[in-house]
Amino acid sequence: GSGSSDDSSKEDTKTEDTAKDDSGEKTAADYKIAVVPKMTNLAWFERMEQGVDDYNEANGTSVEYCGSPEGDGQAAFVEGLISQGYDAICVVPFDVEALDPVLAKAKEAGIVVICHEASTVENMDYDVEAFDTLEYGAHLMEKINELSDGKGRVIQTVGALTSQSHVEEAQGGKEWAEKNAPDLKVDDQPIVSDDNQDTAYSKVKEALTADTKHEIVGIQCAAMSETPGAAQAVEELGLQGKVHIAGTSLMSVCGEYVEDGTVELMSFWDPALAGQAMIELAVATLNGTVGEDTLSLPVEGYENLTLEGKVYTGSAWIDVDKDNCNDEAYDF
Amino acid sequence: MKLLKKIDHNILSLLGMYAVVLIAMAILNPSTYYSTLNIKSWFYLFPEYGILTFGMMLCMISGGIDLSLVGIANLVGVVASYMMVNIGGGKECGMGMIIGAIIVGLIIGVLCGAFNGFLIGFLHIPPMLVTLCGLQLYTGIAMIVTTGPGITGVPQSYINIANGTIAGIPHTLPMFIIVTLVMSFLLKSTTYGQKVYFLGSNEVASKYSGINNFKVIMTTYMISGFLGAISGILTSSHYGSGKSNYNTSYTLLSLLIVVLGGVHPDGGKGKVIGVTLAIVLLQLISSAFSVLRIDTVITDLVYGLILIAVLVITNIAAKRATKVKTK
Amino acid sequence: MGEVFLKLENIKKSFGGVQALKGVDLEIRKGEILALAGQNGCGKSTLIKVISGVHEQTSGDYYLEGKKVEKLTPIDAIRAGVQVIYQDFAVFPNLTVAENIAMNNSLMTGTKVMNWKKARELAIEAMEQVGAHMDPDILVERLTVANKQMVAICRAIINDAKFLILDEPTTALTKKEVENLFKIIRRLKEKGIAIMIVNHKLDEIYEIADRLTIIRNGEYISSGDIKEYDRARFIHDITGRDIVESVYVPEKSDGTEILKVENISREGAFENVSFSLEKGDVLGITGLLGSGRGELGDALFGLAPATSGKIILNGKEIEIHNIEDAIKNKIAYVPEDRLTQGLFLDRSIQDNMVAASIGKYFHGGKLDHKKIAEDTTDWIGNLSVKIGKQTDAIRTLSGGNAQKVVIAKWLNTDPELIVLNGPTVGVDIGSKSEIFEILHKLAKEGVGVIVISDDLSELVQNCNKILVMRNGKAVAHIDEEISENELYKLFSEGGES
Amino acid sequence: MKQSKWKEILTSNQMFIVYIIVVLCIAISMKTPAFAEVSTIITLARALLVTLCFAICEMVVIISGGIDVSFPAIACASLYIPICVFKENDIDNVVLAFVFAAAIGLVIGIINAVLISLLQIPPLIATLGVSSITQGMLLTFFGTRQISRLPSTIAALNKVYLFTYQSKAGNNYSMTALILVPIILYIVVYIVLKYTMLGRGIYAIGGDANAARIAGFNVVRLQFIVYMFSGVMAGITGMIYCVLNKAANPLNLMGSEMMIIAAVVVGGTRMSGGHGTVLGTILGVVLIGLIQNNLIMLGVPTYWQTFVVGAVIVVGTAITSLKELAVQKNQKV
């Protein structure tokens, strides 16, 4: 019964902390905090779990990492948490619209709500972003522009039209191109991959096949599974070097294509750090030490966050390509 | 022993499950599980899939199946939200418009059901396929209306339907109870209800008994669509938005519940009480899992095991009771 | 007589509650034809299923050619030379005629490959023997009941069986086909094959059988040479009581016309058929298969409505385009295929009883279940249906009793006209006469009764008017006494009349 | 006689599917000339490979009077577990991998058979239960993250090609050698179903299980064979899927069952059992594959695609069912 032990462990950690903690400042150990990922079944979020575990290691806390395997179970899952006496819930919304009213309930119940990858949530205290998604999208597009010396057509892929951060990312890239690269034509409609590598592969392949005039010079992928999918298509069709891929992914998922140069830019932010940042922000919020336009969290890449509305934005994205991909730091 | 024989074996095994879960939680973590807050959270959740499940049940008793319910629900939610947001003016949408949206939603649900019913009853296409295609079509239309992202900004009073409470009890609970009572009346005490059972047990004989199969099938799938629509209204109200891909897991869930509830997949058999028990049982279990912080991937596993277990137990028990081997 | 092929001693078989066989003895010699007779539900089919290894007896001994048999599976039985034509044929609707016929043979020889050419040859040969004419490549699901039965027969005879069992093989056959079948049976008998036949038509039994074994509700009654049995004793042993076979004469009709049918036609089924029905009349409609007799019944019930002509029921002209019309006009129909068209096998006797009239129990905003139960009990009483509990599944009833329930289902709609298509198919004399008593009573009460059948003796005895159909046309209206033979002439002869 | 035979063939529902396919192809080639090339066949073969394998299993099961919705789960388990085990103990043997996969499929297939054949649980429900149990076990005990670095010999299989075709546009299209699996599979199944008593037995139990038992078929044995076959093939197919994607993902295949069933039925197999042909199934799969994989070439807006797929299946199944209905309405002979 891990459930029952929750409360008790919470009890005794409290006591021992008040003992050793001389500055009245409370820490994560004094609160019951949960970190909820979009879904548990992605390498991406297993990395986040890693981060939470490390955090608990380091600070002797018992922050919970829990969620539903499929994204569309998230709202119901969080709803279940509300009734279980948490001080703060840190969540990476899979589906903002679905989650928002549930989070409203959470706030009614006096729970602090911290989000990630979801700047548009209404019912939250704060959202912490590794970076500005629009900028991030622009960043990827910039790379494609550079690789294709600014001429040709670019296709974008998103996991689902219903996934906000993906759509924003694509939008950011498109807007950047319209401003800065007149000859770079970005398709109006992104390809939808259902966040499934196989689907991404066949749809990209289809698009490339249809493109008999070789106008396509770049592919921008928003979802982690799409980058290898697209890479596989490009590689099989023998279009390496002609079609440039820049996308979000992880070494564990897309490593080989980065190494052989099919994927020329792979960007990501470290979910582990993001997770820790959420926890720290939650604690800060509970302690009421937030609100100024800038905030510094003891987490790499989140030292100087800038506040805009309810969104704290850092500068924590990591670029990986052929040259630096063997760095252990990125090996997850 | 005689008394036990009287009660349906399936219901017995379900009650057994109840005992197991409730006692287990009383030992493991009563403080959280039996807290009013937690119990309240159940009432928000199970009516949503419960009402939709009754649609599945009705169709299965009639010898069919309705895999399109989730599609209908989402389409209804999307259209209703669309009306309130894009026509009614979003947050400031007037009461009239809200009611209008709900009514239109319910009508759409019934129409979807009618479409299923027509293909099944008139063109005699196997229900499983019709409703499978239905799922695609209705989801597709919802997708076309939304072009992807959910339609947000519905008025507060609409959101209150699924999230509000009266005297501390969520609105959804009385709704669910009403639907349950109506369903059991419909099946037990109306001509239509009996006809559904006849249709389910032998289509030909029911035709030769002067029952208008087409009419009964149409009614059945329209009612099912109607229930799907209600569930769709609740969902979109609950989430404060309409979207094409909410609750996709409910299709299998409802199928599982209906069978757990003792409805025979070949039709002709099934009681509302059994299904109701099954609906609540699954809520109790999933809540127990979330309280015990058991990894949710295990839920699939457990649901599957329960399903098989109940079926096996029921079969064996039934064989014991009446050894009449019908070959 | 040859030596004993099969010997059963004190066979008992029970299905949970139901004690189907309560100790039956049976003995069959090679080269003899044994008739197994008994009322519906007395256990004939069950006994056969025990012999063929489909059911295992609860107790009792089973000897094949002198050797005791312990455990017997269907395929063992087939290999041992036991071939059965089951009451419900047990053919494969989704396979071709040829394959159906050849199937057992391949299974018997235990071959692993399917030889289509050989199958076809076997089938054609078998059909020639029986005198059946079917396209061997057509799917059985497209065959009429009669032809399905033909397939079953062909399948049984091609395998050189040592013991052939026929469970009511003639229910769907015309007289010609029956004669044909009997020829074959006699030929097989000459070959020294033991044959057992179950049949409810006494004349046919007298025509074909050498010996007779009678069982009554699961118990062995008597057994002996057919000559030892005159009709009276036969009937007595079967039913346990004496039934006088009388001819039905309605009391003087007051001339009120119930039904008048004028020149109704339906493309490819029947044309310009006219007949009328007065109070007290029981009209029999007969004819060969495909003569349109069945289609006529279907038309009156709106299953395949007539395309032209007039139907006048109790004075007012009515239109019948579909079943709902028929129901509205209080026309009832007892269909030909009891199992698939008449019964909800898994539902209770009670449910079956009210299936056609459920609407009338809906008052005060809800169904009156108490009334339903009461009415059921009444009907079971009136028609003396033999059942356990009225909440039992109807599949536990046997032919005759189930048929009575089907009839009761319609009587419960208090119809003005009831059409019965082969109402006594597979129904024993006991129940048969009871069913006709019911029909006669209805006729007296002013309900129009039409019986469609090819059992001539039964028509002659129970109908005061007979309409003979031949390829779609009504060739004779008979409304005075007629001998079976005369009727048979009209019935089968082509051409002049 | 001859005439009518021709008429029968030309109006058979399989021909109708062919007509639709032809029309569809013409439509696509008009929109996207690149479609009318050898490359399309290669791409389609690659795209339909897995579907084809699943479909034939489903067809056999449905013919036998059952239905199986557990094969995606089986496939997931049989592709993921071996890879996990191999990574753990760094084994690297492609043959072993497929044997392992088949074995897992076999075990689950047997479980299905026991539930359906011995315990008499309705197939849809039994396989549904087995499906969620399998998934649950897999995710619980083997985790949920995709494994993208496959053991080298397994990854290598991805690059084994029969031939490579260079399109007018200069793109390379390589035909994977794995296409041989469905080809052989289909030939074998065709022969078994048509020319062996085993095959005929499967049709027989699908047509009327009781009659089959009486006639002397061992129904239980036949059902076991069917579900074991389905299980084994699902397992192997899972491993193929893994090779084709150069990644082992324990979830991606889930939910594919309904489309497969639709494809089989569009191909003329009756849900009620006893009817179904190999050729029909191929056509069904091709039709649905064609529409699913060429929506971009058809220029269908992204958010219209779900709807279009649905519409096509409705038409396909409607045609099949209506033809079937017509046959049943025919005068009995």
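Per-chain numbering from 1; labels A, B, C and D assigned in written order.
Definition applied: contacts are C-beta pairs under 8 Å (C-beta built on N, C-alpha and C of every residue); 3 or more make two chains touch, one makes a residue touch a chain.
Note that the coordinates shown come from a computational prediction; the quantities given were computed from them, not determined experimentally.
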{"item": "Intersection of the contact lists for chain A and chain D", "value": "B"}
{"item": "Chain pair showing more contacts of the two, B-D and A-B", "value": "B-D"}
{"item": "Taking each chain's C-alpha mean as its centre, the one farthest from chain C", "value": "A"}
{"item": "Mean-CA-position distance for chain D and chain B (Å)", "value": "30"}
{"item": "Separation of chain A from chain B, taking each centre as the mean of its C-alpha atoms, in whole Å", "value": "35"}
{"item": "Between chain D and chain C, distance of the C-alpha-averaged centres to the nearest whole Å", "value": "45"}
{"item": "Junction residues of chain B - those touching two or more other chains", "value": "143, 147-148, 244, 295, 297, 327"}
{"item": "Residues of chain A engaged with two or more neighbouring chains", "value": "40-41, 69, 161"}
{"item": "Residues of chain D engaged with two or more neighbouring chains", "value": "139, 144, 210, 213, 302-303, 305"}
{"item": "Chains touching one another, given as label pairs in label order", "value": "A-B, A-D, B-C, B-D, C-D"}
{"item": "Residues on chain B engaged by chain A in the complex (per definition of touch)", "value": "27-29, 31-33, 35, 37-38, 40-41, 44-45, 143, 147-152, 159, 163, 238-241, 243-249, 286-287, 290-293, 295-297"}
{"item": "Sites on chain D touched by chain C in the complex", "value": "194-200, 203-204, 206-208, 210-218, 273-275, 327-328, 330-333"}
{"item": "Residues of chain D defined as touching chain B within the complex", "value": "115, 119-122, 124-126, 128-137, 139-140, 144, 210, 213, 258, 261-262, 265, 271-272, 302-311, 313-314, 317-318, 321-322, 325"}
{"item": "List of chain C residues in touch with chain B within their complex", "value": "15-18, 54, 323-324, 326-327, 333, 335, 340-347, 351, 354-356, 358-359, 361-362, 365-367, 393, 395-396, 409, 413"}
{"item": "Of all residues in chain C, those that touch chain D in their complex", "value": "52, 54, 73-75, 78, 84, 86, 89-95, 99, 103-104, 106-108, 111-114, 134-135, 138, 141-144, 147, 268"}
